[in-house]
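Worksheet for the structure shown next.
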Amino acid sequence: MKWINRLIDSVATRGRELLHAEDPSRFDMAYSLQEDCTALLNQRGDAVALAIAQQILDRYVRLSTEEKLSFFQYLARDLSPDYEALGKHAQAMDAEPDARTYRRLLASLRQGRWTLFELLNIPGVGTQALVRMREDLLDHLQENPELKAVDLDLQTILEAWFNRGFLEFREINWHTPADVLEKLIRYEAVHEIQNWQDLKRRLASDRACFAFFHPALPDEPLIFVQVGYTDAVSTAIDPFLDQDQPEVDADQANTAIFYSISNCQKGLRGISFGNFLIKQVVQHIQQNHPHITQFSTLSPIPGLSRALNSEKLDETRLEQLAGNQLGELKERYQVSSLRDLLQHKADKLSVDHAPTVLFIEKLGLAYLTEVKRESEPYDPVARFHLSNGASIFRINAFANCRPYGLKSSYGLMVNYLYDLSRVEQNHEQFKRNGTIDVHRAMRKKLG
Amino acid sequence: MKWINRLIDSVATRGRELLHAEDPSRFDMAYSLQEDCTALLNQRGDAVALAIAQQILDRYVRLSTEEKLSFFQYLARDLSPDYEALGKHAQAMDAEPDARTYRRLLASLRQGRWTLFELLNIPGVGTQALVRMREDLLDHLQENPELKAVDLDLQTILEAWFNRGFLEFREINWHTPADVLEKLIRYEAVHEIQNWQDLKRRLASDRACFAFFHPALPDEPLIFVQVGYTDAVSTAIDPFLDQDQPEVDADQANTAIFYSISNCQKGLRGISFGNFLIKQVVQHIQQNHPHITQFSTLSPIPGLSRALNSEKLDETRLEQLAGNQLGELKERYQVSSLRDLLQHKADKLSVDHAPTVLFIEKLGLAYLTEVKRESEPYDPVARFHLSNGASIFRINAFANCRPYGLKSSYGLMVNYLYDLSRVEQNHEQFKRNGTIDVHRAMRKKLG
Amino acid sequence: MKWINRLIDSVATRGRELLHAEDPSRFDMAYSLQEDCTALLNQRGDAVALAIAQQILDRYVRLSTEEKLSFFQYLARDLSPDYEALGKHAQAMDAEPDARTYRRLLASLRQGRWTLFELLNIPGVGTQALVRMREDLLDHLQENPELKAVDLDLQTILEAWFNRGFLEFREINWHTPADVLEKLIRYEAVHEIQNWQDLKRRLASDRACFAFFHPALPDEPLIFVQVGYTDAVSTAIDPFLDQDQPEVDADQANTAIFYSISNCQKGLRGISFGNFLIKQVVQHIQQNHPHITQFSTLSPIPGLSRALNSEKLDETRLEQLAGNQLGELKERYQVSSLRDLLQHKADKLSVDHAPTVLFIEKLGLAYLTEVKRESEPYDPVARFHLSNGASIFRINAFANCRPYGLKSSYGLMVNYLYDLSRVEQNHEQFKRNGTIDVHRAMRKKLG
Amino acid sequence: MKWINRLIDSVATRGRELLHAEDPSRFDMAYSLQEDCTALLNQRGDAVALAIAQQILDRYVRLSTEEKLSFFQYLARDLSPDYEALGKHAQAMDAEPDARTYRRLLASLRQGRWTLFELLNIPGVGTQALVRMREDLLDHLQENPELKAVDLDLQTILEAWFNRGFLEFREINWHTPADVLEKLIRYEAVHEIQNWQDLKRRLASDRACFAFFHPALPDEPLIFVQVGYTDAVSTAIDPFLDQDQPEVDADQANTAIFYSISNCQKGLRGISFGNFLIKQVVQHIQQNHPHITQFSTLSPIPGLSRALNSEKLDETRLEQLAGNQLGELKERYQVSSLRDLLQHKADKLSVDHAPTVLFIEKLGLAYLTEVKRESEPYDPVARFHLSNGASIFRINAFANCRPYGLKSSYGLMVNYLYDLSRVEQNHEQFKRNGTIDVHRAMRKKLG
């Protein structure tokens, strides 16, 4: 146990004793969670504050989903900033700045849930508890938009604590502690890890895995990326998932393929580590394996079938993509519309039929570059990599023909290329003008 | 070099190249520090932002004192929150809460220097740079009260980063790296460390030293405390400062004396680590040296002569403290008033004269318990320990007769006792009612 | 890769280049393993010696079993000490001691395989290679007694290197690197670990596992012991092996049961770590779990059925053990002799039949205390624990009724008690007089 | 305290209790050190053996120099191998090899002091104690040659334990623990370190220091080398010793100068770490500072004046070295012989007088390459570097004009160059033929 956890525990124990001496029923259910919150916000002594904060966290985890929702509504309603005072102080500052008024202004903003969150951030356990609390909160946002202000506060606070300056970068391999490896199995979000044998294959000598950790969440990865060393930019996912795939000699490889990136902490949504992780991994590999000169992802297109179903690409555009081959395709697959084909017969697409291959690769490119949400790509994975400064190197038909691959994206996968000499410039262009860098050969082929 | 520093450096380098490609004069003096700040706040790309942030920090350290003052005034004036918008959004939230408005409200608060400080917090160097910046800023507050709002922002931000959950607790001994030890010599603020030999004596087997560190300031102690193991609560400082003092057998000791506590980072003023450090040290010693059962400080009374000179204790009160011995004291020291005695003849006080000893010990106690500032003790050291929950165990006349001891407090020193079974209760009482716990024997003696 | 491995590799590479320049066929099969050994023993330069030593180790591992035998015979025959010179120098020293002669004497002893082994002990890989070599060698000793002298040399050398001062003591838990855990599965010799789930249960909060490691064999445990925390000295193995056994609260336990001890490196046979490990584990648990006050094994009796089959306990003695119940036992199990019963119907023994229980427990005790080999117990596990100073606390019938438990010891298991206040005295008594400490209650019951 | 020290202590304590129970006078002076040695060699139990071994070590350190000599004589006389038995077993093995006889042969060799040394090697303290014991022993060898056999045994044993596979390589800098740095000050043998300030300068950014450590001697360096980064092969020592020398930019350097190498443990004499250390340092610097491409020492010639005084270079040879300038030199310095000049007026040598410079540089080269001891250079530093495979790059007159430099070598210093592409070949040549590699320019100049 870390020194600070022991210290906190002993201080909180003395706080509990003091509280109990004052009021022996203090830790019964005589008091509600809300009364605890009020007591904590009014408390001046450290030990007692710690005791109550621990109590609040303990009670919280035992709440039902409905009770948690009530708690969040209480935070939104009763523990919001004092907007009236805030407005008054802001006007006063606008008229005549003054440090005392400014202090009051900040206080009126932070007096409620903001301060509560800070007090709950007990070293050793509090940060993790608040990450889990936000995970719960996120489930309610859609149906309870009034909670969004609470979420904004929590995200802002977590953003400060999960400052990238605190991140720990670790290589994950077969020498990594089993409890961490077990969490990789649990958190892998793209291509499920079947068992320990599968995991071991993914950590063999022709693979690598890297993760970020944070001191407040010991042994909990925040994000991890799985890498395979190859001698060309990969066009299909199977070699990375097949446990019996023979190991290749990593010293002969010239390419690193990022074939899976998983965020692990849902409660940290909106706090981005991926860009930073990929750049660090590229730099790390360049330094330790100088013969690796190409860095590319092999990524899914998770929003493709969803976009098609919500008609973000209309039939006219689909026909345009099919071009001259439109008739042949309809006839071959016996469909009246190409949307029908994709929605109902994606598993019938013929890998050997060049026009089919061309059509769905064109479809992929059109989707990635044309379907937008607020001027950025609609596809979340594309948004992520292109915003990082990657370029679209290649679209691969029939790259993931497993059921989940067919369902989400008709088997298509993309190679986003990370070329460090261009990545920052691409990033700037993308941020300023929304420009997407598509590799020339790709443009030409799918033109 | 840590991985993150290397990564940041390489990204910033690419950012600088991009900037240079856009505008080759970018890094000349063509641009002012203020233009850099504006550019940083308007920047969307990461690499370029990093490059400009590094540039700002580099320029800042080369500023003269006057230029720094100008910079702070710019932060206060031009980079303050948008109070007008803040007031408007606060009123809107008061009328009808809404997440989008709340987001704008927060944005109007943070748009200026707050965001600038966050962007300057470059992993690896930024935190330290901002701590030093605040150190500079504090020097100007007295004469430029308009800068207090800037200081408030900076303190609030540093408070979040220097959250105690991140603190590292380390024992300092002769096995500690020399660069850290050298800083102890530099930062010791109570009883100057003369040289390496002096330091070595203070780290011998009958002493101990403990410090807090923070990951963002590697090898920079934040605060440290020096401890001596003894067999009674010490009444004088000399045995701790004498380099030739023979080592006592720590296994025979029953008492730990905290004879010096020094804060190291002026730029973290107002962010308190001392309470936490003392409690941790007590707990650490209890666990590792179970025969140590008493914990006390041997502390200076730094504000005593200052208080007397500013007449916070008037002559009447001094005469009252002298009680029946008033005449004898005046005659013995040939003074017309006791204030005269203390102000001009403190070095003449006679250690063997019981009424003198009693008088100045009474003076010490009266000062500590009666002279207040906003309901708390006027003396900063007393305020610190009593607020932590310590009690006044004993006042010791002629405890530090070195020049600086005579000058500040007529040779008096105090033992503040840390009795873990009472410390939290004392702390609560002190915080709620201002109650000061004075040891019974002391009350009786100095009654 | 450790610094030393890199350094050795680069020196050896230069050595290989030098050799190749002298004789381009040097690394073909032109040279035999024996020629390499001769070359190594005659070599004066470091780099070349390293290159040849690496070459020898590389060739060795590719040998067939027969070729290895030939190699060992070569070591025994051609690389033995120069006994003639040794005898001559010994006589000279006996007559007139002289340092130069003594140097020659030692040289004549070490000139052959001894020096070869030292030269093969290349930092980083050599020690492990020699441990494996001895593993191979041990397989041939029975049929090739002339190899015993080689084994003696190798054991003597390994004993010096595996000096207990170098041992690393580590707690093994679910936070241990997966590659080490995988080796536990491989090396567990008493109660097979079925899979990762089984292993995880054995590392849960009511269990513990401890191992010794050595710097020359990174990530290879030398020996490990599995511990379970209980509230009484256990009488049966099932609770420790059942994966679905609910976890008990270790804080309520008062007893630590050592239920499995496995040596991992066959090539270190005869170099004992077990005694030291058990004492260290006892001390470690006492310090970290002061409520644990009893330490006992739950051990197999591996030699019991073997001893019976080789008639080390004759029928008369068996009948004596059955005592008054002899007739009843023969009749109940329909056997003409008790040996028949044990040899053919051990799985029919009736757990509810008190005389049966008593008979086989008496059998166990008689076997442990009476059947000897060179004045020490015949049973290897008993020899180990009793020599360590443990006492026989209890014999448990029907304690391991799994097939391997019935086969080797008719289901019997023993609790050897480690009482630190008696263990050294027992050890001395056992070493001096062969005295075995049997717990009084046991003596009385099985009297 | 390391786990093993704690364990050993507790076992030894129980051993002492057992001994005390047997014989309460056991730890008085009733027993002699020799009786303790006999008891230890006859002991079978571990705990008692440990207690006696600790007792022996404790007694040993309190012996006077004469008592230590007596003890060593006892080891030489009474605890020597049983040569008679050894001779007998050797003859038996010669006639008919047999494992049992071989075991007895080894036993007769090891039965006395060899076994004693092994038993005294108590983990944690024994190794260090034996290193110190050998340090004492070495002082007596010259006058007591019969002790050389004891030394041979001790050296052989220490050689096995100080196997280079166990060495730890550490960079020493200002971040190194103070207790280690303090030892550098103590052990520096070539150019004395004046104080902490001097040490700090030697660890500044244009310098480096590297050392080997061993796990059995924690925080005790075995050997260390001091390095300076320069832009040319240095010709004089002053820049390295002057505390006020401005720091040069290490990134601009191309040369690493090894300007001081010190062995720290006299008790490990004859066990060589220097060759290995230098190679490792070269490799380490190459990897971390790729712009450093030249590696050279700046070394003293410690045996030069000694050799001259013992006439290893006769007057004729000196005159030959002076060549045509003989007359001029004699006249200038008003001496009748060149030996006179060097022996009595070395401090008068004129740095600006080219013939003087040439003469003493020729003298240096002649001494290094011509004066031999058993076919290797007479000069110990030359023997060391040339045997490592270095070449003589340059001889520098007036390179160390401090008193100790003038006294030992008339101010001369040598650059031994470590060119990794030639070093192993040079080493081989030197070992086989005694060939010394002298740089062509040097040969030509001094030819």
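Labels A, B, C and D are assigned to the chains in the order they are written; within every chain, residues are numbered from 1.
Please note the rule applied: contacts are C-beta pairs under 8 Å (C-beta built on N, C-alpha and C of every residue); 3 or more make two chains touch, one makes a residue touch a chain.
Heads up on the chains, UniProt names are A, B, C, D = Malonyl-CoA decarboxylase family protein.
The structure displayed is predicted, hence computed values, not measured ones.
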item: Steps needed, at minimum, to go from chain B to chain C via contacts; value: 2
item: Farthest chain (mean CA position) relative to chain B; value: C
item: Chain B-chain D separation of Cα centroids, rounded to whole Å; value: 50
item: Between chain D and chain C, distance of the C-alpha-averaged centres to the nearest whole Å; value: 40
item: Distance from the mean Cα position of chain D to that of chain A, given in whole angstrom; value: 59
item: Shared-contact residues (touching 2 or more other chains) in chain A; value: none
item: Pairs of chains found to touch, sorted by chain label; value: A-B, A-C, B-D, C-D
item: Sites on chain B touched by chain A in the complex; value: 3-4, 6-7, 10-11, 14-15, 18, 44-48, 76, 80-81, 83-84, 86-87, 90-91, 93-94, 97, 99, 102-103, 106, 109, 121-124, 126-127, 145-146, 148-149, 152, 156, 160-161, 163-167, 169, 215-216, 275-276, 279-280, 283-284, 420, 423-425, 427-428, 431-432
item: Residues on chain D engaged by chain B in the complex (per definition of touch); value: 174-179, 181-182, 196, 200, 219
